[in-house]
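Each in structure tokens, the structures are laid out below.
In the two assemblies presented below, subunit A is common to both, partnered first by subunit B and then by subunit C.
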Partner chain A sequence: MTDRIASGFHPFVLPFLIGMAFVLSYCLFGMIRIILQLSKEDRRKFFMSLITPKILLKDVKDIFLNCLIHVKLWKRNPVLGYMHSSIAFGWFMLIVLGHIEVILFVPARAKLLYYPIFFNYFVSENETTLRGAVLFFLMDFFLLVVLSGIALAIIKRFRSRLFGMRRTTKPAALDLVGLYSLWAIFPLRLIAESLTADISGGSFLTLPSNWLAHLFMGHELYPLPAWWAYSIALCIFMCVLPFTRYMHIPAEMMLIPMRNAGLKIRNLNKGFAKVEVLSCPGCGVCIDACPMIASRSNVKDCTVYLNRQLRRGNDKRIDQISDKCLLCGKCQAVCQVGVQGPDLRVARRSTRGYGINQDYSNISATPLEKGHKVLYFSGCMSQLTPRIGKAVTAVMDKAGVDYEWMDRDGGLCCGRPILLAGRKEQARQLIAKNTELILASGADTLVVNCPICYRVFREEYNLPGVRVVHHSEFFAELVSKGMLSPQNGIGKICYHDPCELGRGCGVYDAPRELLSRCGTLVKAGHEKELSICCGGSLGSLSLNFSQREAITRNSYADLTVADPDVIATACPLCLSTYSRYADRPVMDIAEILMNQQ
Partner chain B sequence: MRPNVVIIGGGIAGMEAAKQLLYLGYSPILIEKTARLGGHVADWYRLFPDMTPASEVIENLKKDIQNANVFLETGVQFINRLRDTYNVMLTNGVSINCHAILFATGYDLFDARKKEEYGYGVYNHVVTNRDLELWFGGNKDVRIPERPKSVGFVHCVGSRDMKAGNMQCSKVCCMTAIKQAIEIKEKFPESEVYCFYMDLRLFGKKYEDFYISAQRDHGVHFIRGRVSEVGENIDGTLQVKAEDTLNGKPLKVSLDMLVLMAGMLCGEKTRELADGVRMDVDTDGFFKSRDNIYNVTESSRNGIFFAGACTGTKTVPETVSEARAAVLSIHNYLQQK
Partner chain C sequence: MMDFGFVLSKSSTVDLNKVDLSMYRQLEKLSPDVRTCMACGSCSATCTAAPYSGMSVRKVILGLQRGNDVSAMLSNCMLCGKCTMVCPRGINTRNLILNLCRIHETGGRNDR
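Moving on, here comes the complex of A and B:
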């Protein structure tokens, strides 16, 4: 291989260089800005993570697996997984192989940024080319891989149902520019390389197409327009990239190290949250996942649209979207990037000023009786579903647990509902008060039957020496210790995973273990992290009753696909929500356990 | 031979209609899904405003319709529309051709278990208005203490409540609660009786007198505010939390017994039946009359008529007058044929 053009330059590389310079400087400045926006503590955490070998290694691994191979997507949908990894990994390999070619054959040009991209134009084949046959083959192979991905992408654009996506996003105008330029890059590259393949050499893809080109266009081929077009397509793509959903490509590479460093969303418009928003690929997987679209409305209130509006800064829509969400967390569970939709919304809510700001710091609370090892907290929601409290205490009595029901006559709120409404200060006051009460009681275990409370106890409370357990976990322990021995005989049970317990706290197995002892567990249409919110969630501030009804009916229908005799749940809010429309008994696991003693 | 008229529902509306049809010389066929006639009124002990025994009303009606064809424990399987008649297929296998059908299907009492926060079916001393009437009538009920010292009445349970799925006012419960409160006071003069209401809708003849008398003569306490939740104390008494919106303060009171004034809903079963002949349901969930001013007893389908609470909540006298009006509509309709 030798240089064909003495200067090693041709004006057609200029569009590419302009695009490249723009996108690199944009990302660099953006990165610096975001790092500067981080709070001092977060910034320290972030830099520390970059010099900790273990975390750094994890960063590299995660970036490789998620950004290039798209492992998570493969698991969920292999066709989509192939589509994404073929384009991302294929393109990556083309760049890497291009550099190897330059270093091997024309090392003198290695410092030229554009050389690997337009390599085939600048070189000509000579007798030593045989050494490069493998590289030529690989180049053609990965080009083919990318092209197959592009072909799938084109089919998906027009027939998304073939890929298992019922609804997909409506792209914005600039997204379409980015999309079409991305589609154009690789076919143009194929044409350009094919037209020069008789000079530069090629492999199974480029050589035959070169032969074909000769067949139609005669002896003289004019490759330059194709190279110009290729370069311009690259330029357009890179120039619009920061303003389209393709920004997720560089953003995710920053998101992964930040998340591994343990950063949390604090301010919606700055720092880490910004990276989260920019990392949204806009694929729309969250639309099908969202329970709110049961009524075929609310599509534009899914996380992908929240991110779009956050990028545009449309305050009115951001507020509407943030308030409407049930905060069930399913969008985050299915998201390939794991964009924290619920946290972004709560962060938005917390920026809002409320007319009245209550002060709970002096709220009165009766001290708890000392001497009991176990405290039972039923929460406000269970006050409205008294059968749960009755069942939980009956089961504990049966097992001989020495406990105190700390909010039997009504206690303080756990703080989660107001936290979800974005009122951090009020929540903090309640949390402080409850913490004081619990610690003063001297108990070592806190049993909570409401997943909403359970989550806040786990995430926001600092209770040294006190183990916080959900009643399903606590009862599963009692059963395994032999202190409870339920009879199997209630029939077919379908268990609904409450959002806060499942996706929120990762408790999936304890309730199932308990229920499988009381009856025969049957499957719901969607289970575990894919379970559909009951629609009663405290998360939503603006969904009205009839909109919720549609959500509840849809979710309920999903629970009854296997025609169970009983619907079981582990959350008082799910229980009362389903009971409203249920055609068969809806019971808390504590009730089932009590009945099966 | 006079044309057949099928009456679906053997409550007071159906019975009164049968009686009037007999007077006019028709042969009414009365279909009742339960084993006895009288519907909800037969569960009641005394009726306001004159404290008339409900059994007296039912027994008189029964005597008057001795000559009618009555099918007890019989439902309607389906109704087919023929050219100008209807074919009604009963669950006992009998098929009837008739010229007119009268829906007197009444209402369902709201299932108070659905308002779980009030503890019906969970706590030992929570009953409904119907349970209390049955007890007044002599039925045993372990939930009702021997000598209750304090009794609460919760108005609007499953009425005017979006979360309970019924936005409508059930109309009679305010008055029923006052009547029952007085009856409780008469039985247990030592007890304290509380009524928790949103607002009192006392529109009928002599209702206001009852309200005044309940306060002045019987000392019933009226508290404006909804009950938020009910808990149970260790001794089995109930702890009721409510808001006194006139004082603007939350309120907590211990009671020996709580009575829930369950509201009236259009029955699910009735609606399924109506689907068969494609009858319209109004926005309030009850059957849709041809219009709600002038033709309340007529449906939008020729030959199908309504009487009583199937088109909306009604009191006993309203239901009886409507049954008579429906019979006149049927008579006119059959005369014109």
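Moving on, here comes the complex of A and C:
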């Protein structure tokens, strides 16, 4: 393999160089800017994580598995997984192999950035070696892999249903430019390499097509236009990249180390949140996942569109989208990149100024009776469904638990609803008041039957020496200790995973274990982290009663696919929401347990 | 006058000449469903903040319609959302309260 062109340069590499210089400098400046925007503490955390070998190793592993191989996507949808990893990993291998070729055959050119990309144009094969043949084979192989991915991508664009996606994102104009140029790059590369294959050498893909080209175009081939076109396609793709969804490629490589460093969303337009928004690939998986699409008018309120509007800075739409969301967290659960849709929205809500800022300093809650080991907190929602409180206390009485009902006659709110409305300061006041009450009582266990309260107790409260448990976990423990022995006999039960308990706190098994002792558990259409929000969520500020109905009916229909006798849930809000439209009994776990004693 | 044990009050509870409805008008724009309130008081009955600040969405709405200052009542609202769940008219009272807290900043701060 020798250099064919003495100068090692041809003007057709210029478009590529321009595009490359632009995208690299854009990303570099963007990266510096974002790091500067981080708070001092966050920046220290980030840099420390980069010099901690364990986290660094995790960064490299995560980037390789998620950005190149797309492991998460493979697990969810193998065809889409193949499509993405073939393009990403195939392209990556083409670049790596290109560099290897340059280093092996023309080491003098190794410092030229464009050489590995246009290697086949600049060299001629003077003798066939095994080493060269293997490399050429690999190059053709990975080109074929990428081309197969592109073919799938083209089919997906027009028939997304074939790939298991009912709805996909409507691309913006510039996204289309990026998309078409990306589609064009690899077929053009194939044509260009084929036309020079008789000079530079090739393998199973380029040599036969070179032969074909000779067959149709005669002895003299004119490869230059193809090389120009290939270079220009690369240039267009790289020049529009920062302004399209393809920005997720560089952004995700930054997001992974930042997330592994433990950064959280603070300011919506700066730092970590910005990286997260840019990392959204706009695939639209969150659209099918969103419970709100039960009515079609809500499609444009999914997380993918929030990210798009955040990039555009369309304040009015950002507000509308942020206020509407139920914050059920399903988009985050299915997102390949792990964009924290709910947290982004709450961050947006918290930027609002209010003329009336609630203040609870005038409230002096009555201290609790001391000497009980267990505190029971039923929460605001359970006051609308008193049968849950009755059932919980009846079960605890039966098991002989020594408890004190904290808010039997009403009490303070746990603080989560106001936190979801983005009013952190107010939530902090409520949290402080409740913390004081709980710690003063001297109890060592806090039983909560409302997942909304449960989540805030776990995430935001600091209760040293107090174990916070959801009543389903608490009862499961009592059953395993033999203090409760439920009879099996209620029939078929379908369990609905409340968002805050399942996706929010990761409690999936305790309720199922309890219910399987009371009856026969049947499956819902979507379970566990894919469960569909009941539509009653306090997360949404602007959805009104009638808009929620479609969501509830859709979610309820998903629970009744196996025709259960009873719908069970572990959340007072889900219970009252479903009860409105239910055609069979909807019961809390505690009630079922009480009935089956 | 003979004492019957009760008297009729003057019909001057609301003087429409003096009333300032700007706050209510602003709220109507943001939460049009406020117009459907029939003052049943379900919201008041369930309110978590009622024992502390006398909060009652019913009174808040009536107060606004009469041009009164309602900010004291709102000061203990915990946004728990029970009022929204029990409203027989399906009014999104939780959002109404948030909107009201917001209007106080932008507009009628000096509304008596």
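Just so we're on the same page, the second predicted complex is superposed on the first by the 592 of 597 C-alpha atoms of A that agree within 3 Å, B and C clash if a C-alpha of one lies under 4 Å from a C-alpha of the other, contacts with A are read in each partner's own complex, and residues count from 1 in each chain.
Assume contacts are C-beta pairs under 8 Å (C-beta built on N, C-alpha and C of every residue); 3 or more make two chains touch, one makes a residue touch a chain.
A quick note: this is a predicted structure, and the numbers were derived from the prediction, not measured.
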- Message: Applying the document's definition of touching, compare subunit B and subunit C: which contacts more of subunit A?
- Response: C
- Tell me which partner A:410 touches in the superposition: subunit B (first), subunit C (second), both or neither. both
- Message: Just checking: does A:576 make contact with subunit B only, subunit C only, both, or neither of them? Give me first, second, both or neither.
- Response: both
- Message: Touch test for A:363: subunit B only (first), subunit C only (second), both, or neither?
- Response: second
- Touching A:465, do we find subunit B (first), subunit C (second), both, or neither? neither
- Query: Looking at the overlay, what does A:313 touch: subunit B (first), subunit C (second), both, or neither?
  - Reply: neither
- Task: Return first, second, both or neither, reflecting whether A:482 touches subunit B, subunit C, both chains, or no partner chain.
- Result: neither
- Query: Can A:384 be said to touch subunit B (first), subunit C (second), both, or neither?
  - Reply: both
- Task: Would you check which partner chain A:542 touches, where first means subunit B only, second means subunit C only, and both and neither mean what they say?
- Result: second
- Query: subunit A residues touched by both subunit B and subunit C?
  - Reply: 383-384, 410, 545, 576
- Message: Quick check: in the complex, which residue numbers of subunit B touch subunit A?
- Response: 114, 116-117, 119, 122-123, 162-165, 229-232, 239, 241
- Query: Taking the complex as given, what residues does subunit A use to touch subunit B?
  - Reply: 383-387, 390, 408-410, 545, 576, 579-581
- Touch list for subunit C against partner subunit A, complex: 33, 46, 48, 51-53, 71, 74-82, 84-87, 90-92, 94-95, 98, 100-106, 109
- Item | In the complex with subunit C, residue positions of subunit A that touch it | 323, 352-360, 362-363, 380-381, 383-384, 410-413, 415, 417-418, 421, 423, 426, 430, 536, 538, 541-546, 573, 576
